[in-house]
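Listed below are the structures to be examined.
Consider the two complexes below, in which chain A is the common component and chain B and chain C are the respective partners.
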Partner chain A sequence: MRIPTRSLALIAAMTMIAPAHAQQSGGTLNLVIQPEPPGLMMGLLQNGPTQMVAGDIYESLLRYDTNLDPMPSLAREWEVSEDGLTYTFHLHEDVKWHDGEDFTAEDVVFTVDVFLRETHPRLRASLVHLESVEAVDDHTVVFTLKQPFGPFLGVFEAGTMPMIPKHIYEGTDFANNPMNSTPIGTGPFKFNEWRQGSFIHLVKNEDYYLDGKPYLDEVYYHVIPDGASRAVAYETGTVDVLHGGSIENFDIERVAALPNTCITDAGWEYFGPHSWMWLNNHEGPMADVNARRAVMHAIDREFARDALWAGRGQLATGPVSSSTRFHDPDTPSIDYDPEKAREYLAESDYDGETLRLLPLPYGETWQRWAEAVRQNLQEVGFNVDLVPTDVAGWNQRVSDWDFDLAFTYLYQYGDPALGVSRTYVESNIAKGSPWNNVAGYRNAEVDELWMQAAVSPSPEERQEIYSEIQNRIVEDVPVAWLLELGFPTIYRCNVQNLVTTGIGINDGLRDAWIEQ
Partner chain B sequence: MIKAWKRFAQNHGAVIGLIILLLVVLVAVLGPMFFPQSPWRMVNRPFLPPFAVDGVPLGTDAVGRDVLIGLIHGARVSLMVGLVSTVVALLIGVPIGALAGFFGGWVDDALMRFTEFFQTIPSFALAIVLLAIFQPSLFYIILTIAIVSWPPVARLVRGEVLSLRTREYVEAAILSGQTNLQIILRQVLPNALPPIIVLASLMVATAILLESSLSFLGLGDPNVMSWGYMIGAARTVLRTAWWLSFIPGIAILLTVLALNLIGEGLNDALNPRLTRRSE
Partner chain C sequence: MIRFILARLVKAVVILLAILVLNFTLIHMAPGDPAAVMAGEAGATDEQFLEDLRRRFGLDQPFLVQLWIYVKGAIQLDLGYSYRRGMPVAELLWDRLPATLLLTGTAFFISIILGVIAGVAAAARQGRWGDTIISTLALLFYATPLFWIALMSVLLFSVVLGWLPGFGYETVGANYTGIERVIDIGRHLILPATTLGLFFTAVYMRMTRASMLEVSRLDFVKTARAKGLKPRVIQRRHILRNALLPVITLAGLQAGQIVGGAVLTETVFAWPGIGRLMFEAINQRDYNVLLGVFFVSAAMVLLFNLITDIIYVLVDPRIRITQ
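Showing the complex of A and B:
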């Protein structure tokens, strides 16, 4: 028996895009892009700025709403077999690449099995569960798994699995293909011009497969390298949309109060940006669980959110973000309590060593945050020195475990098996990367649970295991969880349907239109 | 000496400068005793404007730290950086200048080419490069400022020594069998002192500005509260909380102005001939 999931998704989609006005075609939308991306070939480059622009050019099989439920994109319907091993996708039939060629199931097979397997480390980690991917006919693709892999339906996101044209890339050196500078996708907008240091210009794809879409005629992504200048560009009307993180947090309140200005925190659910401090479990004072608990109780996260993050985002209760699947809201949270912190500190082995705290070198907010945390820690009796670094230095020190505490934040990609377990399992302890289990957390029982949860076929069972994992990890405090970061998008209120999915404007401007 | 002091006292600007500087020194020395709490402590709501709430007369910064306490503790850091780095710069510059000027010949050539090497690189750019190499701690900041500011000292001292070593009393000293070192230390340098003092007073001012500029760019010691740090941290909120940049800015302005006034006063007082000429 096969479970049709499309009807559910349709209902979800319809309730979300309840149109108050009829969509109007035409107009130009001006956005900022920060920093300027290194390129737009999304199959090769997996950084944020690339996806924000190239999300208009490339598409994947599915989109995800803000609850992370799948919605149709290049696939109009799909089925998952009951044993969780076979995923069948039915593609839209009249989709064309920007150069006029037909988009078919062969492109999907090439993209997944050949191109991205070579170029996309994050997808590759999920593809180890894949037995085969086959084109049944021109518009049907079947993915067969070796064993059930719970999060599999979550990897069809545009940044994780962008569709790549087989007729351009097959048999070439992907990284050096001359077409990389003029990307060809199936998306609602075509690449037109990139003036380095100034702007990227996209134009409407007239042959888009959804009737009437896209609504906009053209889109400009402006490169403005300074936060204050970006705020000014919005004020003067040069740009209409400021994506999350593009202006200083201190400025958000002021800019959001300008006339005809809307602000939304939505559009980050798939990423679930989760911030914490790595605590060095390998050696030094933070190897002691009581000292780690003392840190957790000492830091005033609510203050940091209100003072430094414009009151946006929420306190992280544990390893799993509340926007990620299988988050357990009943995990006991560790509250700000300096008294308790002092008690734990007294029980620990800590005897006054100076702790090295690495701020994240991403600008003012992170620097101020590190200063506030240092003060929090000093008030309960720790000695803390900030160790200033640039991005390269931060990478190196974190990769070499050369710190006691270090700020960081990572994306979760909607599912604990995709974006959470990687920073807690023992098999991921290895010097050389700042994105693995840097803290050095070791717990064989929890490792076993992670494994079970990933391959368990039923969501109920997964929830049960993940709840247990969350409770046990919070007990060990391997890292000091800080905030689920809020990156609000600020835009003119007459820009409609700007953020409609769980990755926000990264999903492209297919549905966006400007009310005249 | 008394004459010089009289001339200095007649210069109103210099006296005002001296008074301001004494006040700043007083704050730097005694302030932290009266306000011993850490300047990093978050005491109240962030972004309180000056005089809005009792207890924080100059308001609070982006994370609710008391601006007044920061100013007091920052005075100590800024002055210390200014003084110590000037002393270090003098310790490098004076010997090099004195040796070059006294011995002349290839010693002079070698030392002056070495000095010019440092002089041709814009000092601020060099400071940024040095701090990017070193860890930005107070020690290295002082060292960096000293390294970029000693060349003018060397050149000045060389010029003075060049003209002094041909004087009769130096020749007398040579004839009396004094060693070169004795001559430099006892005969030449004491007479070259007035212009060095004037230059040093201006160098303190420059060093304070340089430290502030470096902190402003985020190259300061993040564990030490200085005026430059306060302005740098307030830069991004200039439009919403102007006072956070303005108050420490005024502090830097007054201190640097005071040092310049004093420097000018000293110049007039210690080089009376110059003064008369300008009258």
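Showing the complex of A and C:
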């Protein structure tokens, strides 16, 4: 697996700095949150803002480092059987829920088998491989699979499998449980107060099971709806951390240059935010592979990265992000080449029809990116109309395949079987969701390969199959891959150990401390 | 008078119902629904997830059934439940109301007082340099976009000078109480209230000035002068009182919007008011919240129209109420 050298240097730097200081306890950390989350019950809500705040309240069995190798969390040790079918987790013994009850293996079983099976669509997709989950004793849980599932050790992240207290939720209507507004987890911080429209306040969990942790006394998430105001909040000292994506890209360089300010691209490895344009393979001009190839070669992605994304992130080489496991960098070139684009266009059936391009309604950067792409496409001979929408309208159009090209970006969750195959296999073609195989790509042979790769127990074999998949999909250009997005975290340099895992700020406050 | 007010109230209820039905229909015509938005934010979804949400929100019912349920609730002043925030809409609105009233109310009074004073002053100095300065300033505030003034004032007073907080309702985490809290909120209020108030100050000023000048040319003012009344008395008792009618009309319109909040100002200044709630509800297709805001705002507009009409009578005895 390849990691951007910048991140490597940073990790090295962090490991070198950390032992030089003794961690200091105390202090308040101020962050921003936007948009305001709909709620903090992590088992019910999987959107970004909820995960960021509730990631301090809830925990899962494992965490993942920036290489996506598992680290202990609620599980202190774990074993996987030779045949890849049995996963045994040994839990920490003195973990308590925020209301004082003991956290036990029974909670794990309830969480996976009852609660999340009902509420969590993404985990549900992985649970089809699960035969059973059993509590052997109070602190040992065994997961048994129907067949080997390569990425299974990768689903024990807090956003994917947050541990839910059985004593609160068993037998209740989960969505309407009154306790949803005062979430109870095992995490390093407890929920204290949420003033709608203003802030969310978390306080230190004094009974946390790791001695001395967490270091911070209090955490405030400030709700600030305007990007420019968020930058001002940092400049005037109200907040200390701007998580990735919280200020406009054109502000990044300026804010990062302020005194005592550090910036890091790390902390997104587990998510691997990957952007592309859906190309409508179902019908219209983009159903023609040569027209799609023409689009792919017509767009200048390097320009977009440098001009619109503050030079952060890198060009995608195909469907799998370079931070995701089994990425293969040696796929056929999809680089900017207007000449080649014109050749492909000449070979295609494209007849001057006007293409409908849907920008992603997530603010300035995406709007301008769509304008840049339209210009790129016009230069090689396409006619393009931008179709403006708001988020709900975008959802609807993408879910109904009502577009020719549409911007999007998705998380990959560390493994192609968790976050990549879902947008390319034929069994995932269905109207009604913007996150399945919206493009309508059909390739039975590649489908077969996806299947094999997911259930193969050997990483070497998986690498081989995924390399072949990547090569073949890039040939077919079902979508036009854009960038592996860079979402840098900007923070005051005296905030230490803020981003130490591949999950970044979502679970970073456990270890963070402020140098006085 | 009583009969007049009662008749107007009955009319208001009918209008309110019509507005309710119209809003409900319009909102449901917008593409996408709250379940799809929430599923969209989750970054992954399946049929079951969407069905669960729609059933929970009652969106699986036929349109007319949903409309009937909503109207029935609204008549009993039950504004329903926010799909997204899992709270009763009435509670959400009630939570946000103090912040909004403080902001829009302050801006309202600032603008009406400053505007009328500036207008009177300008009219008294018609054509001289005082008038020119006031009129130019008013034109400037009138023409400059609100968000630009907002951003520039934050840049100047908060980033460069560091005098005033640039956003928020109070200092988070300071836990002030009593008078300290009042001062803290007051400091946070200055920039947004001024920004919001400037535009209307300009409008009131221009209207007062024009109206004053018009009235001052009327015959009864000449008579007053001929009687030998002091210019000050003529200004206040004869001209101003007659010139205020259009200003009151405008104030009635502005007052009706007080509860609706101020989307732009509240967004830039992170002010936790109703305008922002409404804007977020539009994006999230949180129908009930949106309808709730519309309902309360519509009710306020109707109420203030009625109050304006009553004030007309008090200010100008020539106006009579006809049945």
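Throughout what follows, the second predicted complex is superposed on the first by the 497 of 516 C-alpha atoms of A that agree within 3 Å, B and C clash if a C-alpha of one lies under 4 Å from a C-alpha of the other, contacts with A are read in each partner's own complex, and residues count from 1 in each chain.
In the analysis below, a contact is a pair of C-beta atoms (placed from the backbone, for glycine too) under 8 Å apart; a residue touches a chain by one contact, two chains touch by 3 or more.
A quick note: this is a predicted structure, and the numbers were derived from the prediction, not measured.
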| item | value |
| --- | --- |
| Simultaneous placement of chain C and chain B on chain A, clash or fit | fit |
| Touched partner set for A:M161, first chain B, second chain C, both or neither | neither |
| First (chain B), second (chain C), both or neither touched by A:Q367 | first |
| Touched partner set for A:A307, first chain B, second chain C, both or neither | first |
| Which of chain B and chain C A:V80 touches, first, second, both or neither | neither |
| Chain B or chain C, by number of chain A residues touched | C |
| Touched partner set for A:R254, first chain B, second chain C, both or neither | first |
| Chain B versus chain C as contact partner of A:Q378, first or second or both or neither | first |
| Partner chain(s) touched by A:A228 [first = chain B, second = chain C, both, neither] | both |
| Where chain B and chain C come nearest after superposition, their Cα distance in Å | 8 |
| Residues on chain A lying within both footprints (that of chain B and that of chain C) | 228, 390 |
| Chain A-touching residues of chain C, taken from the complex the two chains share | 30-33, 36-50, 52, 56, 84-87, 92, 95-96, 99, 151, 154-155, 158-159, 162, 165-170, 172-173, 267-270, 272-273, 276-277, 280, 282-285 |
| Sites on chain A touched by chain B in the complex | 227-228, 248, 250-251, 254, 303, 307-308, 359, 364, 367-368, 370-372, 374-375, 378-379, 385-388, 390 |
| Interface residues, chain B side, partner chain A - complex | 38, 40-42, 46, 62-64, 132, 135-136, 218, 222-223, 233, 236-240 |
| Complex contacts: residues of chain A adjacent to chain C | 28, 30, 35-36, 38-39, 45-48, 119, 121-122, 124-125, 175-176, 180-181, 195-199, 201, 218, 220, 222-226, 228-229, 232-233, 235-236, 238, 389-397, 399, 410-411, 422, 430, 432-435 |
